[in-house]
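Chain IDs A, B and C follow the sequence of writing; residue 1 opens each chain.
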Amino acid sequence: MGRIVLDHVSKHFGELQVLKDICLEIEDGEFVFFVGPSGCGKSTLLRSITGLEDITSGQVLIDGEDVSDLPPSERGLAMVFQSYALFPHITVRDNIAFGLKIAKIPKAEIDAKVAEAARILSLEELLDRKPAALSGGQRQRVAIGRAIVRDPKAFLFDEPLSNLDAALRVQMRVELIGLRKSLQTTMVYVTHDQIEAMTMADRIAVLNAGQVEQYDTPLELYDHPENLFVATFIGSPKMNILDIEGHDPSTLNLAGGQVLDLPGSPGFQEQRPACLGIRPEHMTCSKNTGLWEGEVVLEEQLGSDAFLYVDVPGLSRFTVRGVGQRGIREGDKVHVTPDTEHCHVFDRDGRRIETVDRAADVDA
Amino acid sequence: MHTTDEFAPPRRRFVSRHALSDRLLFLAPAGLYLLALTVFPFVYSVYLSLHRVKLTTLHRKRFTGLENYYDLFTDNLFLDALKNTAVLTVASITIEIILGFIAAKVFFSLRSSAAGSFMRSMSIIPMMITPICIGLIFSYIFNPTLGVANYVLGQASIEPLGWFSDPDVALTTIILVNSWQWTPFMMLLMLAGLTSIDQEQYEAAEVDGAKWHHVARWIEIPAIRGIVIVGVILRIIDNLRLFDIVYVTTRGGPGSSTEVVTFFAYKQDFQYFQVGYGSAAAVVILVISIIITTFAIRHLRRVENE
Amino acid sequence: MRGNDQPSKRQLKALKTKKKELSIHGRRRLRAGEVVSLHIDTSFCAQRRKQMKTLNLAMLSSVVAVGAGAAHAQTDWGNVLGDFADTPVNIMVIQDPFIDPLRDISSDFEGVTGASVTVDGFGYDPLHEKQILGCSQRDSQYDVLFIDGIWVGEFVEAGCLDPVEGRLDDTDPELIAWDDYVESFRGQAVWDGQRQCLPVGAYWHMLHYRKDLFEAEGIDPPETFDEVMAAAKFFAESDKYPDVSGYAMNFRRGAAAGQQYFEWIYSAGGKPWESNFPGSEDAYGDQTPTLTSPESVAMLQWFEDMVPYGPKGVEGFAWDERFNSFAQGNVAMINAWSVRTPGLENPDISEVVGKWDVTLFPHAEGAESTPPVGGWIMCLNQYSERKDAAWDFMRWFASPEVHKQWVLKGAPASRHSTFRDAEVIAAQPWLPTLYESAKAAWVELRPRHPMTFEMIDAIGLHVNRAIIDEVSPEEAMADATEEVTEMLQDAGILE
């Protein structure tokens, strides 16, 4: 019903190429996220699917049909905008009913659909107000309501929660998930907020400079990033990255003369390792014992976790996560130890190098 | 200045004698200016309007009470003038809004091009020309035998018109000239309003399949409504004062088809020098203006607060 | 004979006579003892024979210039006028074609007295407005005011003028030559039994017609209303002259149409009010309006019938359009003020140079031709602070000899002597017809009391309404009568 396929989609703005040969398949009912840094093209890609932007080459297919030349209103999609795009001078009811009125749907049907959407989104009491009299969250719901009544093949969200404060964002996230469960419609969502993506997505497409870096489930992206970009983009705080200066079959030579044993690394034959990545939660920190010694330069105490920034001289500055950590303070001398079972190795081009562990994981 | 409550703040002497006279001193120049140039002439006009008096024989003025006002409202020429002014105002503003909106949409779509900016600057020129010059230019254009307008009509095999000499056409011609001059004003206001519309609203409408008239009705017009009302108020006030074009082209004729209230008052005051009657006309114009603008501003405040 | 300073350029032929004192009009000042030659044109002097002689005029205390017809005294202006070195004399005048000759000739006054003369011209309404406003503010900026003859009642009532009556006795009557002014205009300078101003700028109407076209079609210049209409109809409907219509009149609402009424009513056999008719002893005796007379209504109907034979837009025509349509060759006939007539010979503005002629103003069957008269009288501003200089200018300017010089430069003739002067006639060939018109005109053509503007405007409004067929002529004149009666009663002019 709502299967979207992007087939070698490219877009140029004059000389600049903003989408580079994108191939994606979004299954019916899937909740897919586009994430990436500012300017990576995620909004452009979304708008290309909607039809608000033209593509230079390639095809956009919805349910197998090429819609690349169709105007937005004929693609059967509905879009929710970042600033809600409500019409300020008409009531909530009229805002929601707008598209239906244009399509000249009979009034009784319009009323029924509006009532249904209002029920789903708890907007019944607000139907006769004007948008200016609503809070941010309420307005966002109206925008969603406007999309719902059109019974689209897919919903497209363009950073819909960016304009809300943190607490409201959490609340809306929960509501969106609930909505998704009840509607079962395909949803494509653009955000720069990883937490939204990680918590809500079926699959995430990580974009960078107009290209899809990796398109996978959230956990796969987290556990097995296929390139350096994804590795450092996903996960907060960022993965620790160390330069590799040389290697032997089972050890890596790091800066400052440090050496790390990395059991079983067959991939090292085809690709030369250049970077080593370790997530903060895969490093342990102890006052007494550990592989590398360093000094705590900053302690970020969150209550539930503490993030310690440890300077190991000659090597790097590490971010270390300590759950419930209270004892270590700034200025303390500590020892940090990486968990070699959860290291990531990348070659000079930033591509992942498979280690034996991976194969083991797969079996497990 | 004693107080039994030790926790109360000390009472200050709010107005010292010196401070008050200082304030009055600073206000005095502006106040005198206002008094001399605005209040006094107005009061004197009202005073004159209660008399039958000619400027040339001020000493022979005769108190007649409200007779001048009664005469005004039974004077066919004045009533025609009121009617003409009303027609002129409504028709001009309507044309200006419609054409101004179309022009604003055009310039809005061209807003990022250099050619668009250039043309927009050119289109403002009519507003900057002195009304007298405009009147003269158009009296040449619309000259029945030597003017360009009738020449063009002739080339298209259309019967030439008596633009300023046909009583059925003259007021329309004045309306056209007036609209030509002031449409750019409304266009600018509307353009400003259009540029303040969030781009996303257009996109949402596009996704919903809205056509240009849906967009106009639901997005653009509501957004510019407040500004347009301001523009309309200003134009009403302007049209109540319209004088130069009529003076230069038709002088109220043919018949009384282009007699406007300002011209009526001018003739009474400066041709017949019947300053009593002319002042009464001027007072009536002022009262009408005040009534209209009060209503308009009240309406504007209401719209703003929505 | 009086002494002069500068040599004359004129050729003079001497009479075969002994020492004789001759009073001859001089163009330039002559020095006593100048040797000049005298010429007397005997075409006006039947008894003398032409002779050429050079006279030693050392014994003559002055030299004579051209004698061409009427001999004017060669005035020693240096003795007559005062010395006004560095005194300004400011003149406010209508922007009519005589303004340039006025500026030109004023420099001669500057030469004699040392005064500096400034001439400022204004349009008709602005002139009136500015003069009255200045008067009500006791403005002393302008010393000499040219006003329309019909404004005199209003100006006297407002106290704007210092009547010339009081000063005429101080000057040599031959310089003033009041009787030399044409009667049909000079009466307009009189009000309240006093001579208020000097009547120097007289205009009359003549019927201007396309001589070339009339001759080509064998039509005689029309004399009666019927003949006028027939000729107008012919040209308007003729395919042979597609760009030429018949007759253009002043039909524009207000002053134009109102004046048109007064211009034609007498020749139509009617009169605007009871006591105003050509030759009336007391024109303002009984001012009951007679606008609804059969002659008046018939005339209005005739105006309305003439509209189709006029150019496109004639319902809105005023003085400029009327004249220009004739000057551009678009109409066969107009009646126009004589001040514009010289313009028809100016190739810069006229397409009909040499193709036109004038004749007497037309009249209705059974009535007499009473050509309209109007024009500008020169008055002394009551509030001027330089009245001596101003009065000297006025009497110098209005004197027969200076007047003739002014007329020769293209200004309107207002004196009998000027009309009869061969030199002037040579310069303005239409002068004989104009003189006939001047003698047949009636001085009280239009009201000259303070309500004149409003009365003419009111009548003009209703004339225009009848012409554009908004109402019938009877109804229009009935409305006009009602309005005029009320207005005159209000002003205390009517009981």
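One rule holds in what follows: a residue touches a chain if its C-beta (ideal position, glycine included) is under 8 Å from a C-beta of that chain, and two chains touch if they have at least 3 such contacts.
Note that the structure is a prediction, hence the values are computed from the model and not measured.
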Most central chain, Cα average position: B
From subunit A, the most remote chain by mean C-alpha position: C
Subunit B and subunit C: spacing of chain centres that average the CA atoms, whole Å: 44
Centre-to-centre distance between subunit C and subunit A (centres being mean Cα positions), rounded to whole Å: 98
Cα-centroid distance, subunit A relative to subunit B, in whole angstrom: 58
Multi-partner residues of subunit A (each touching 2 or more other chains): none
Touching residues on subunit B, where the partner in the complex is subunit C: 52, 54-58, 77, 144-146, 150, 160, 162, 164-167, 170, 250-256, 267, 270-274
Contact set on subunit C toward subunit B in their complex: 125, 128-129, 132-133, 135-136, 154, 157-158, 160, 252-254, 311-317, 325, 328, 330, 450, 453-454, 457, 461, 464-465, 468, 470, 490
Subunit B contact footprint on subunit A (complex, rising order): 50-52, 71-74, 77-79, 81-90, 98-99, 102-103, 130, 146, 150
Of all residues in subunit B, those that touch subunit A in their complex: 198, 200-201, 203-211, 214, 218-219, 222-223, 225, 306
